[in-house]
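You will see two complexes here that share subunit A, one where it goes with subunit B and one where it goes with subunit C.
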Partner chain A sequence: MEHFRRLGDVPYPELAQSLKDGCLEMSLGPFSKRLKANNSQVTEFLQDAYRDVPVRTKLGDITDVAVTIKSPSWFRQYVRRQVVADPGFIVPAVPLPVRLSALSFEMGLNLAVALKCCRLVSFHAAVVGNEKGAIFISAHSGGGKSTLASALMVEGYRLFSDEFGLLDMSNSLLVPYPRPVSLKGDSINIVRDFTGADWLTPVLSDTPKGDIAYRRARPSDIEEADKKLSSKLIVFPVFTKGARPVAKELAKSEALMRLIPSSTNYHLLGQGGFEALTAMVAGARSYEIQYGNTDDSMKIVKDLAAGVGL
Partner chain B sequence: MTKAWLKSIVRQSPLPSDPESLSDLVAFAEAHHVLGQMATVWQNEATGKLKDVFENAAIRTAFDHRMLAFEMGRIERALHGTGIAPVLLKGGAYVALELPASEGRRVADIDILVAEDDLEQTENRLKEAGWAFEETTDNEYDQAYYREFMHELPPLRHIRRRTVVDVHHRILPRTSRVLVKNDMLIDAAQHLKGRELRTFQPVDLFIHSSVHSFADGSFDTPARSLVELYFLFSGLSEADKSALAERSVTVGASMPVATALWALNEFFGEKVPGVGADSMIKPASALVRGAFRAKLENISGAYFAKLILYVRSHYLRMPIPQLALHLMRKAARQLVNAVKREDPLKSQ
Partner chain C sequence: MAAGPYSDETLWTADITRLVIRVMEDVNLTFDTLSGDTHALNFLSAAVIQVLSSGKETFASAAPRVLETIGMEESDCPKGLIKDTILQLDEAGLVIPARGGE
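Up next is the complex of A and B:
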């Protein structure tokens, strides 16, 4: 059986052929994927954004999800070409123009994982951590969690994920899933300034979500993706342009009630999900933070992290 | 798909050893809603990623079963004091009776059957308890159509919990060419211990499932239907198995039952009574059986087979003139809706 290799070490023709045949197996954190695409933009995006992720060009095992990037109809292969992600079941995926294939891939993969995952409690959140524990950043899209997560990575924290907070029901530990960090609008420039342009993919402009670029996970994030951590700090960031920085500690009950609606699958999991979530909240301190710029949010989070011994 | 896949799903034959075939099989099982059943019968052998995938499926199914148990209680509560003990159909019955056919089975909505005389009261009580018709069917034509010609009310969705109850008063549409004796099935139904809920007796569970698969609709979930029939059949006692043919004649369901037995023999190699040239019950014609086989084996193609089954489903459902009138009304409504609807591109 073929061994896993760094995606960046696979020659382009081999990668493209494997994707075309629908037998590229990608293993990252708790989820493995089978990917299929006959699309040079997807191939190039994978080479860039997933450079250090382990893959096999021939399927060596079954996978958690299978995603195909394809044309939404026969007609759209030729005229105003479009692509759509197909995870093998019906999802509300919007067809996008071919030039946005990378976005289609990322959104499709997120949707496939979010809708299919029942083994782990899944939250819409960014998570980073160091050897002592994890910081769980819960937020709506646009709340600034990806920028904050990127900034904390520069401070030496490991990236767990910027889209999925994943909670193991057997031990209430957070599970790393270091996919590329999705940056939108102004945050692209902010993150480029403090990480260097080398870590960002080219900008996709005029997408339905505005400008988008991805910050690649570092080799160390990926190598340590099997190390789970308990959550020590839970933050709910609220970005208001020009606002003065404030942190307000939340009661555990309040934090719990805010986290439940941000989960994609809590309602399905019954007792196991409830017990894992209450244990996570019980073991951490929770804060709502308001801020007007990234520097402020960094300062607050670093102070709070120091306060819980991170 | 192949016969071998169906046998692997129910554990009649081993799982394919090469990863690509296994991956295709698992994807097929998931797309056709039988991954949960497969996970149940293979859970002790699975290792590695397969174990993860099966565990995931089991957690998902457990939710369905909890939902079902909860909603059964709410239906019972809604009908409390009326003396109506609805018959749980299909998945609801299998789960309540803890049959092998329930293990790993996904359940989306709850189907219940009440005597036609109890229909109005059942409907009113469920509405008082928070169930309501959905917007798409809450119009005069649909309501009249369901009530006059169909075997069930339009789906009732709970306004807060969003769960769906289908209230049946017959097994098949009133106009169906297959005339199942509803009263005989209801009369033989058995109470769940200590509850105001009933289920069909074991032989009738198999008969109803056969009717649902082979005398209603166009075999749209072939793998799921056959896996269900397989587990129902293997759960029957020997006495029940030998009583099956005669009972199916008595209740007017011999064609679908004979077809189901043929299918079990054809796809699982089950030795079943009532199959063969000398049997007392006759399956659907060779043409229709061929179409069932083709649709199962080539789910994305088999256009001719699908056409045959589609035409057959309507032929079985109602007389031609009535069907023509109904399809014309539906087409006209679609046209009106299409004109009414704004161009989605313009509104952006």
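Up next is the complex of A and C:
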């Protein structure tokens, strides 16, 4: 059986052929994925954004999820070419112009994980951590969680995940899933300024979500993707341009009730999900933070992290 | 308010065996294994469920037992508040009218 290799070490023709055949197996965090795409933009995006992720070009095992990037119709293969992500089950998915194939891939993979994951409680959140514990960042889209996670990475925290906070039901530990961090609009330049342009993919312009770029996970984030941590700090950032920075501690029950609507599968998991979430919240302190710029949010979170021993 | 028709003679009951309750600070986080819903209940709601799970009660007969459970006087916790709490718990599916007034 073929061994896993770093994706960046796979020659382009071999990678493209494996994707075309639907045989590319990617192993990252708790999920293995089978990927299929006859699409040079997806191939190039994977080589860039996922270059340090282990893959094999011949399927060696059953995978957790399977994502195919394909044309929504025969006609759209040739005229005003479009792509759509097929996560292996019927779900409404918006076809995108072929130039946005990378976005289609990311959305499709998010959808597949969010809707097919039944072993972990899945939240829309970003998570970073150090050897002492994790910071769980829960925010609506545009709340600044990806920018904050990127800034904390520069401060030495390892990336657990950007779009997903994954909670192990057996021990209430957070599970790393270090996919590229999705940056939108102004946050692209902010993150580029403090990480350097080398860590960002080219910008996808005029997408349905505005401009998007991805901040690659570091090799060390990926190598440590099997190391779970307990949550020590839960933050709910609220970005308001120009706002004065304020942190308000939340009751544990309020934090728990805020987290439930951000989960994609809590209602499917029953008592196990409740017990895991209760234990996670019980072991952490929770804050809502209001801020007007990234420097302020960083300062608040660093202070709060120090307060819980991180 | 209530999930369905009721009167002052309606007997109310609760099935605490289907609830998983974890007390966090002063809030009773309650997971309903039947509906899959999670509720954050205050001490009064939790006491109402506890009382109604041990026997069927009307609004009037439940009130003194609830007051005894929470250790308060009617002047601090009026019967109207207990009635409203029962109706809110009915809407949440955590208490139900006993069938046929049994």
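One rule holds in what follows: the second predicted complex is superposed on the first by the 310 of 310 C-alpha atoms of A that agree within 3 Å, B and C clash if a C-alpha of one lies under 4 Å from a C-alpha of the other, contacts with A are read in each partner's own complex, and residues count from 1 in each chain.
Methods note: contacts are C-beta pairs under 8 Å (C-beta built on N, C-alpha and C of every residue); 3 or more make two chains touch, one makes a residue touch a chain.
Keep in mind that what you see is a predicted model, and the values were worked out from it rather than measured.
Look at subunit A after the overlay: subunit B and subunit C fit there side by side. By the document's definition of touching, neither partner reaches A:Leu204: not subunit B, not subunit C. Looking at the shared chain after the overlay, A:Val83 reaches neither subunit B nor subunit C.
Legend: residue contacts after superposition of the two complexes on their common chain; A:Lys116 is shown touching subunit B, with no touch to subunit C. When the two structures are aligned on the shared chain, A:Gly60 is found in touch with subunit B, with no touch to subunit C. Once chain A of one complex is fitted onto chain A of the other, the partner contacts of A:Gly270 extend to both subunit B and subunit C.
Legend: residue contacts after superposition of the two complexes on their common chain; A:Cys23 is shown touching subunit B, with no touch to subunit C.
With both complexes placed on chain A, subunit A has more residues touched by B than by the other of subunit B and subunit C.
One geometric descriptor of the composite model is the angle centred on subunit A: between the Cα centres of subunit B and subunit C it reads 60 degrees, in steps of 10. Of all Cα pairs linking subunit B with subunit C in the superposition, the shortest spans 5 Å.
Touched by subunit B in one complex and by subunit C in the other are residues 270 of subunit A. In the complex of the two chains, the subunit A residues touching subunit B come out as 23, 30, 32, 34, 59-64, 66, 88-89, 116-119, 268-270, 272.
Every residue of subunit C that touches subunit A in the complex is listed here, in rising order: 20, 22, 24-25, 27, 29, 31, 33, 36-38, 40. Taken in their complex, subunit B has these residues touching subunit A: 19-20, 22-23, 26-27, 30-31, 48-50, 52-53, 55-57, 59-60, 62-63, 66. Interface of subunit A with subunit C (complex): residues 251-254, 256-257, 260, 267, 270-271, 274-275, 278, 281-282.
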